[in-house]
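Chain naming follows the written order as A, B, C, D, E and F, and within any one chain the residues start at number 1.
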Amino acid sequence: VIVTGCPRGGLRDIDALAALGVATVHEAIGRSGYLGPQIRPAYPGARLAGTAVTVLCPPGDNLMVHAAVEQCRTGDVLVITTTSPSTDAYVGELVATSLQYRGARGVVTTAGVRDVAALREMSFPAFSGAVSAQGAVKATAGAVNVPVVAGGQRICPGDAVIADDDGVVVVPRLAIPGALSSARERSDRENAARAAYCLGELSLDRNQLRKELERLGVEYAEYQPP
Amino acid sequence: VIVTGCPRGGLRDIDALAALGVATVHEAIGRSGYLGPQIRPAYPGARLAGTAVTVLCPPGDNLMVHAAVEQCRTGDVLVITTTSPSTDAYVGELVATSLQYRGARGVVTTAGVRDVAALREMSFPAFSGAVSAQGAVKATAGAVNVPVVAGGQRICPGDAVIADDDGVVVVPRLAIPGALSSARERSDRENAARAAYCLGELSLDRNQLRKELERLGVEYAEYQPP
Amino acid sequence: VIVTGCPRGGLRDIDALAALGVATVHEAIGRSGYLGPQIRPAYPGARLAGTAVTVLCPPGDNLMVHAAVEQCRTGDVLVITTTSPSTDAYVGELVATSLQYRGARGVVTTAGVRDVAALREMSFPAFSGAVSAQGAVKATAGAVNVPVVAGGQRICPGDAVIADDDGVVVVPRLAIPGALSSARERSDRENAARAAYCLGELSLDRNQLRKELERLGVEYAEYQPP
Amino acid sequence: VIVTGCPRGGLRDIDALAALGVATVHEAIGRSGYLGPQIRPAYPGARLAGTAVTVLCPPGDNLMVHAAVEQCRTGDVLVITTTSPSTDAYVGELVATSLQYRGARGVVTTAGVRDVAALREMSFPAFSGAVSAQGAVKATAGAVNVPVVAGGQRICPGDAVIADDDGVVVVPRLAIPGALSSARERSDRENAARAAYCLGELSLDRNQLRKELERLGVEYAEYQPP
Amino acid sequence: VIVTGCPRGGLRDIDALAALGVATVHEAIGRSGYLGPQIRPAYPGARLAGTAVTVLCPPGDNLMVHAAVEQCRTGDVLVITTTSPSTDAYVGELVATSLQYRGARGVVTTAGVRDVAALREMSFPAFSGAVSAQGAVKATAGAVNVPVVAGGQRICPGDAVIADDDGVVVVPRLAIPGALSSARERSDRENAARAAYCLGELSLDRNQLRKELERLGVEYAEYQPP
Amino acid sequence: VIVTGCPRGGLRDIDALAALGVATVHEAIGRSGYLGPQIRPAYPGARLAGTAVTVLCPPGDNLMVHAAVEQCRTGDVLVITTTSPSTDAYVGELVATSLQYRGARGVVTTAGVRDVAALREMSFPAFSGAVSAQGAVKATAGAVNVPVVAGGQRICPGDAVIADDDGVVVVPRLAIPGALSSARERSDRENAARAAYCLGELSLDRNQLRKELERLGVEYAEYQPP
């Protein structure tokens, strides 16, 4: 099935979230939504933020990616997952060209991508589980814009997808506004902490961790030679 | 055994193939020859193309690499594999210096390499399964210029070895001329497709995939809120 | 337990070792001390050298990292390991800021780090088993400045920790002076060998490997077409 | 949060599904719901079927498992997942004893279990990502009976969880009756096919695959010596 | 392509090889032919020996397995590999039933198998890279009875395939008679060694290893308390 | 170097520890000493307990294992680790025969073992990182009875090594008597808890975890349909 007309999260809020960074967003929404350390930028410095168009494909078969391109519009991020693990390339330069024409902002996949040099030149960011020259066939059906699971996280069409050097985080569509205000608060606290640490304050003091150490029975001992 | 006097593929054709990129070559020869996503460039931007001098070593022992250096001549690529999995470094700055003197163009190995900073400065490309400071001993025999298997692909001495950001592909020596003409055709088709996609054509239309989707029973459905 | 007042290796010797590179140091101390190919720089070009402050944490819990920051002084490197495998981030921009204030030179961990873009901008090197946006909690006790095992190597507080593109090596505190003289000798030999290889000498000849090949029964054979 | 009073799927239907086997159930619900090949029985021959009580824990911390035991009743299966990957043991003999007293039928976890010999003697089945003697602490909050993701599948409290030698499959609570009738149909077809194959019929003929091969251009060729 | 009429190795010799065990055969043919520790028996105690019918499939697609069944005859072993890594089940109870009818002796695959309980009851041995309930589609072409690479080894149709608790070894068809006589010699030597070791002789003495230790500079030292 | 005359832990205490099980011993010594979930019994039901004779080998080379056999006496367990990762078989039927003659009780290795069927018949337990038919050479020096690291744990000659279905735990020689009394206390507490859980008591109550949940802000909520 290919689902059309899905509502999207607001790009203005999503861009504001992205500016705070993946790690801060992930913390702000209760340490959730992170797709894990296996999904990495295809080239250093890649970053993206946008609304998910989801694709579920069989392993080694990207027919539905071609169908999904047509569903993309400005601000979308193609999120591709597979019914069983695959390292094959689901997106390369050609699909990326078409996605870029339609205003899509990048690709996230648990599988592979290729033509990495071209993607970098095009400034078309991709985050993937693999880089592989091995292509996919176009022979089997899948689904577009159904809820999928990628990197242990559920992603629905229209959810916010944000990625940088630290990986990929997803924010459910209806949670985006709340996430933004939480993330801003957290960012303010982090900025204040950074300023304090630059002046020599310790997190042990700032976060009242000394008494926590004491409660847990941690003791200080002078070094003894063996 | 060390086999001498192996015929090599033609460097002119191999360089022409390399200019088309690993992914295109891999497609042009029937989606074969790819060494898989585990073998990666030791530094970003590394690229190589040349004719294979093959080495089969025991794990953690690179004695035969030293013997293989002598067999290398202009345009060769040293392809090192092991009888059981190893991450140890089979090539570092010193071996690379000797290889570069002899005109060899780089190294491909399922095992490890080291002195990565020096390799980058020397512009001596290496593609490997690991980067490791752990060196090898020189105590056990192996073979040079026998057929080997690396990354699931059979590689014979004299075969074309081409590598870029997308990984490594091997083309059997006798298949090189045919691969070149197929790859050029494919590249022409890709260029035409890219131009069309830049103007907004969809791969769904260009590749007649809509009727394929229909044949497979894929349906379009309007989004329904849960 | 948090052990205080640990003796440190001499920074002058450690810096001299670091200038020779991780691979050379590893060879010079008997091919030991290497933390393996899984621990990689968080950003390309990261390098560090210093004296270990060790931390042992439960998985997903970095309370003791906060306690360890206070134990760091100029020239220290924080070495963090976990009681069972973890990819969570034990250090990010905030902890790094505090460490940098105290003169610490970087972080080595079998677990994860985050805020990679910020670490690069700060020039605060980190070598880790993962990059992950997933943070840690601060709820459980561990230990600071006890002997730990990371990457199969035992590391004691005050040991030298040296890292570059090839990975991380540890040199026991009392072995540092001896390691330096061995590493200098080895480096001299390597420089001489490099010079010889640049002029075309072969390692087969320089290292008397031809007779070793003969002893092992390796034979030369002319290529025969199949 | 700990959610109480969750509705459960019907045990009679679930037991009937389990009798048809994990592979058949997985096929019958559209090749979905399978938790993947990494989650294996802790001892050979383990099988289970029941209704999910879900637990989400931090890595290395099983406090919420203890809270979840109280929520279990006859026919339940404890499904434990973690916010980041962990191999630590979340369930051993003691928790299993308590679960068995309450009528729970087993445990499924992406993390580890221990006391495997005791679990086998108790006939208390466990399917896990690891067997590990390393225990967990009880220091951090998580959630009970919220939707979780395990092995790439979403699992809600009350869903059917079925496991045998082939792994674990989950069937959403409301889909159980439909799954049972589909699985019975499929099982009937499989039985008929098995009977035919026992008599020598080929799947090529039974499933009209010869024309599919022809359509794809597959040709038959006599063996030629190389 | 599907190649027919391939010559097979002699079953009498292959059965004699199998009786000597996988490890002995592997040693006897020069420590080659082993498919590695990742390919394991689907159930404990599985053993097989026979002649290879090879299949190359796309990931997640077993159409060619169905075509290959027809090519199997008494004594054959189906060897299935994929063009990119896959854990999906390529063989289950139904295909196994058909193979058993035709006299095939088992299955070896780098991918997955399912219905493990049924395979065990049928005494139909399978060695695989995974056990998975996830099935394959039948949509894409591949090849039958072409040379394939599995577990780093090249396997041609008609080669001997032998498997037991230690894994899978392949012997090229034309090398079978020589392998048998070498393996018998080796087995005799092993039997003599075993008898000597049962009486207390040491391998250090039997294999003249003491002088090897001396040559390498290994020294004996009395234990000193730290 | 081969160190002779190492003191051993007391076998009576070690056997008593082993009777309490690996998981209990691991808990009793402060959740330490566990070699991790990657080291598994070579056959189901294998168990061992004894005093460590340690061996450090290069990858793929078991020369020092042969030297170590001579150092073994009644009650010893051979602990083999490698300077870089290896899956090759360091012990098979022949070495096991010799070890058994000398009264050694089994083998623990991060690398591989082979002849698994024979080991089971001989009742010679092995715990290893792999089962592999691939043998090792005997060409390079290593060390016997020096401190080694295996599975992240430091093991010294004479330490107690205990293994069962849950994996392998090491107890430092001088800590054995204390470990035994702690383990007995813990075992008594576990027995009492088991008896209570059999009668329906909850660990929430027995371990005062309800107030811990409350302190952490965990709340109970009635299920709401989505």
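Here is the rule we use: a residue touches a chain if its C-beta (ideal position, glycine included) is under 8 Å from a C-beta of that chain, and two chains touch if they have at least 3 such contacts.
All figures in this text were calculated on a predicted structure; none of them were measured in a lab.
Visitor: Tell me, which chains sit next to both subunit C and subunit D?
Guide: A, F
Visitor: Enumerate, in label order, the chains that touch subunit B and subunit C alike.
Guide: The shared contacts of subunit B and subunit C, listed by label, come to A, F.
Visitor: What whole-number Å value describes the gap between the mean CA coordinates of subunit B and subunit E?
Guide: 28
Visitor: Can you give the whole-Å distance between the Cα centres of subunit A and subunit E?
Guide: 42
Visitor: Would you pick out the residues of subunit D that each touch at least 2 other chains?
Guide: In subunit D, residues 31, 36, 44, 83-85, 87, 132, 134, 140 touch at least two other chains, as defined above.
Visitor: If we use the touch criterion from the header, which chain pairs count as touching?
Guide: Result for touching pairs of chains: A-B, A-C, A-D, A-E, B-C, B-E, B-F, C-D, C-F, D-E, D-F, E-F.
Visitor: Sort out for me which residues of subunit E touch subunit F in the complex.
Guide: 21-23, 26-27, 31, 34, 36-37, 40, 44, 164-167, 169, 190, 193-194, 197-200, 202-204, 207, 209, 212-213, 216-223
Visitor: Provide the residue numbers of subunit F that touch subunit C in the complex, in ascending order.
Guide: 31-32, 36, 83-85, 147, 149, 152-154
Visitor: Report the residues of subunit E in contact with subunit A in the complex, numbered from low to high.
Guide: Touch residues, subunit E against subunit A: 58-61, 83-88, 132, 134, 137, 139-140, 226.
Visitor: Sort out for me which residues of subunit B touch subunit C in the complex.
Guide: By the definition above, subunit B touches subunit C via 1-7, 43-44, 63-64, 66-67, 69-70, 87, 89, 92-95, 97-98, 101, 112, 114-117, 130-135, 138, 140-141, 145, 157.
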